[in-house]
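Per-chain numbering from 1; labels A, B, C and D assigned in written order.
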Amino acid sequence: MIHFENDYNEGIHPELLKTLVETNEENLSGYGTDTYTQEAVEKIRQATNCPQAQVQFLTGGTQTNQVVINSLLASYEGVIAAETGHISTHEAGAIEFSGHKVLTLPHENGKIKAADVAAYLADFYADGNHEHMVFPGMVYISHPTEYGALYTKAELQELSELCDQYEIPLFMDGARLGYALGSPETDVTLETIAELCHVFYIGGTKLGALIGEAVVFTKHNMPKHFTPIVKQHGALVAKGRIFGLQFSRFFTDNLYVEIGRKAVAQAEELKAILRDKGYRFYYASPTNQQFIIVENSQLEELAQKLAYSFWEKYDDEHTIIRLATSWSTTDQDLAALREVL
Amino acid sequence: MIHFENDYNEGIHPELLKTLVETNEENLSGYGTDTYTQEAVEKIRQATNCPQAQVQFLTGGTQTNQVVINSLLASYEGVIAAETGHISTHEAGAIEFSGHKVLTLPHENGKIKAADVAAYLADFYADGNHEHMVFPGMVYISHPTEYGALYTKAELQELSELCDQYEIPLFMDGARLGYALGSPETDVTLETIAELCHVFYIGGTKLGALIGEAVVFTKHNMPKHFTPIVKQHGALVAKGRIFGLQFSRFFTDNLYVEIGRKAVAQAEELKAILRDKGYRFYYASPTNQQFIIVENSQLEELAQKLAYSFWEKYDDEHTIIRLATSWSTTDQDLAALREVL
Amino acid sequence: MIHFENDYNEGIHPELLKTLVETNEENLSGYGTDTYTQEAVEKIRQATNCPQAQVQFLTGGTQTNQVVINSLLASYEGVIAAETGHISTHEAGAIEFSGHKVLTLPHENGKIKAADVAAYLADFYADGNHEHMVFPGMVYISHPTEYGALYTKAELQELSELCDQYEIPLFMDGARLGYALGSPETDVTLETIAELCHVFYIGGTKLGALIGEAVVFTKHNMPKHFTPIVKQHGALVAKGRIFGLQFSRFFTDNLYVEIGRKAVAQAEELKAILRDKGYRFYYASPTNQQFIIVENSQLEELAQKLAYSFWEKYDDEHTIIRLATSWSTTDQDLAALREVL
Amino acid sequence: MIHFENDYNEGIHPELLKTLVETNEENLSGYGTDTYTQEAVEKIRQATNCPQAQVQFLTGGTQTNQVVINSLLASYEGVIAAETGHISTHEAGAIEFSGHKVLTLPHENGKIKAADVAAYLADFYADGNHEHMVFPGMVYISHPTEYGALYTKAELQELSELCDQYEIPLFMDGARLGYALGSPETDVTLETIAELCHVFYIGGTKLGALIGEAVVFTKHNMPKHFTPIVKQHGALVAKGRIFGLQFSRFFTDNLYVEIGRKAVAQAEELKAILRDKGYRFYYASPTNQQFIIVENSQLEELAQKLAYSFWEKYDDEHTIIRLATSWSTTDQDLAALREVL
């Protein structure tokens, strides 16, 4: 079977594994107080050119979104997101479970427009009855989006200024951030993100970590006493070394971005193969996830040849499926794909 | 000033006041264990023709919606509602605050269609990924809706059967239920509601109670140990007599429905006046709330003559405003209105 | 039957009823924006000599405790209270339901000692591991306590200074505050309370209101956007007039304190009767609640003669019962009691 | 430095590491649906002799306690625990954060007595006012306790029968379960635990896992739709293989118990060394954690020689410190300790 179904079905990137193995017998203090975690924080500060960055490592995307949103919002606030945002659709209601409404806006390939956010905010404060409504207290975006799309620097700037104007944070979900940073089509760097977003997270799991995401607060805005907050969410990990070691390696020799770059280059090759074989694209994604529209009658046959993900119904006769390259995709995988299609 | 801005700006219906005054010196046990509360429950059982009905009195609509929804849903479930549903728009996120997502559907004058609910439910269970999504655990409807519209018996039947099929409760928000029951255009009685809804509440505040709503569980489905649940929501009232006395009177001599009937008849007169004066209706509401479309430039002048409610923007030049009759509207109010318009 | 079982089994004080009746037909804006509510706030500011006081009316004690504690604490904070504190024992876990631990200390007749609080706070911050523990974020006291006892001014001062030192609020539950203020044995006035407590509530229900408590924030410390916070707790009442009218009357001609004074004087007479009849006191309460120790074998016979409350087991053969005077106790009640005992 | 401060400061047991490395390149489906996770579940079923066991893997102890307690309790229920129970003292209020009170009982070395639980339950239901109190909905025990103590089979049986009688689950926190199973002084096996506890967890982190705990529901009592429940707690891990692989290895060739056995044998040697050197024991713990009472004046000197944990104040002049062996303790560590003391 050739695997393109997602970017988290293999274990851990060999370089990260190496660092875990080499340090395994070291005695390191727990709960994120070890030296490797401090080292990782420093390297992230350098990579983001944000010396004041405050960093917390967590285990997965839903946990990260929940902890960040829940700890930054007041109880009467909700979070603005695309109606297709991960927090809105695929986190089993984790945001509402922690008390907050997701306020949804229309999207284009998963992106929201600053103009729509501006209109929402203006309308909210124009309504005389707004004390009976949910206050918009944060803007959540995914980069890349759930559809693999990328914000431009100009778009982020607009969103950032809007958030500054309303004094609410702009939060970027970077579950697949490496695949954004590694795209040839982006003008957005880690520095840009740290400058324009009030908080964001650097996804580890989908870039080759065994487990782990790094939340970065860029404006000295990490909530006070964040450790007990993380603890009471059940999110504090005893052997914090696991995060420190992996992220320290991710941010050595630019590994994190290089992983993304290679996978996106492979995604371009994937696109070429699919195009050559006559497949129809949902849209031309600039990152590691590609979406094609397939006749329902062909799905089963295709599934014999390669592992893909069902994405969504396109119409009664067609389905959108996702093919993704990842940190673990090999050139052999692509050659094999060209063969079987 | 002539008042048509809403149905809760005056105090208490004279008949209800009378019963409070007459019994004031009686020593009655607290927290809903008094005889008048028991009497009110019995009368509601009779009026709904639902001998097994379980009734709990609460203070207001948002509290009622929160307690009912939060206590009936599992943590992983959300509630389906119109995108204009009160729980979705004007309860400051009380449902999400208690942990549950409001899953919204399009509406027509505040009503949702069984076909849309059916499609939502079918799609949900068809999605292989639904364990990462919010389970639809209840259907919430308002009757009358926030726009004064009414479900027909056939529509309720469809929704009810759908809920039975998926084993989720149908919950009717009856904040203005009396104005539905008192409409000449309805084929839905209290008995119908008790038969088709798994839980509903009989709104007191907007029908002339000083404070108080009556939740009715119709299928022996009141959550176990509901008293501590109500208590932990801060919703248990020491002098429960206040509810028992008012609702006992509401359901004596059909007062509750008669209050609604009179106000809806007055709303018909209100419609006639507005029509005669050339006002344009948003739609012809069959209950006590009427919605008209007014040029923005005329709003201020109108506000000099009568108290109305801003409802929503219609377009850049027009606004929808609400005029409502109520249990306290007098024929003099209507005569005066005809005069000034 | 002679009633001394509690102070909330009769309806509403005649003076409060009069004001409700007289204003019943007035059109007043909703949700606490009416003029009577503003009037009540002003009168409370005067009575407390606290011009900057921020006041919010709520329906009952548990709701008030929950809303105040939940809105003032950070998520990682708990509230220090006596192990017998109402929030700790008889609110069905409402504080924990809203996310916060009650951190209990030993008590004497319901009172906690500043020294114990000081030791708790010092120990907490001395523990190197305290980021894995619940932060003490507030001190909760009841005045009178659940046992009818009173703090002295000196004791409140000590607690207040300690709270200032640790920058946490001192919160006084005044469910029966009138019976404290009306006691001849107290040196604590409303002014003292407003000066020393960061937030407190003035109990209405047990002093003769039909429903209603008044929360007073004394240090410009009402949480931002408190209205939506109250709303999302299901605690915002449409006909806010009910609170405004009653509390405006309570604080006209010193009625609130006079009600307490009369009932405490009657409690002294109650004590005399019980003493004369040879009953043994649990301790000499200075307020309206009296606690006596009765042989279990006598309980049933006593229950034939008067309504009392079971309080707690004293030992295997004895029970503590409570007798309470209230705003509605008459001299005839006392005379009848002397007769039957 | 010689390390005896805890049992989670080194990385991962070599055997577990080996299995991670060997399978690293395998493509495995996510979120716990992989074959190794299924394999681990089967092995746990065999090791517990509980073929119907339902198993869920989570990341850490606090998360596990929160998810289990929150998902099994009704909203109005709390959990009975020792006042020293981990959930009561060192989880930053995670249980209350998720809505539930911890109902504490006195302890002996961390253990609670069935008689105390029985009295608590009987008193609760005897109190006529119990609908205003928190219902006891679960009994939580730690085995070994936070003080390293062990329940006997007879004690567990008593607790289990009591729980059955009141129809509430007995939940065992097994963060260090291997060190209990490996103690020569225990008559409690995994089979016993699965038979007597309704739910328990097998601690991985402190027994040599990099991350991971295994919750076992023994009576077909895993909450319905547990996956979305876990997800909404932010506790579902994408690369579930990490748990499946480690626990599959733990339960191959009895590795889990053998790890415990070796560490407890080393703890006996540790005791001997400490005894020989004249140290005073807090009590003779039968598991891997040992507690000694040291004069405050000696603490600093001792800290030069070995890493230990501060436990608690014994009196004004003495402190209890903890020394722990673990899966990673070597005989050289012990020899070195004998040398330096």
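Quick note on the criterion: a contact is a pair of C-beta atoms (placed from the backbone, for glycine too) under 8 Å apart; a residue touches a chain by one contact, two chains touch by 3 or more.
Each chain and its UniProt protein: A, B, C, D = Threonine aldolase.
These figures come from a predicted structure and were not determined experimentally.
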#### Entry: Selected pair, greater C-beta contact count between B-D and B-C
B-C
### Task
Please name the chain that ends up farthest from chain B once chain centres are defined by their CA atoms averaged.
D
### Between chain D and chain C, distance of the C-alpha-averaged centres to the nearest whole Å
42
### Summary
Distance in whole angstrom between the CA centres of chain B and chain D is 50
### Geometric centre distance via CA averages, chain C-chain B, whole Å
34
### Summary
Multi-partner residues in chain B (2 or more other chains touched) are 75-76, 91-93, 97, 131-134, 228-229, 231-232
### Query
What part of chain C is in contact with chain D in the complex they form?
75-76, 78, 89-93, 96-102, 128-129, 131-134, 310
### Message
Taking the touch rule as given, give the residues of chain D at its contact with chain A in the complex, in rising order.
### Response
1, 3, 6, 8-12, 14, 17, 20-21, 23-30, 59-67, 91-94, 97, 205-206, 210-211, 228-229, 231-239, 241-242, 307, 328
### Task
Report the residues of chain B in contact with chain D in the complex, numbered from low to high.
70-71, 74-76, 131-135, 224-225, 227-229, 231-232
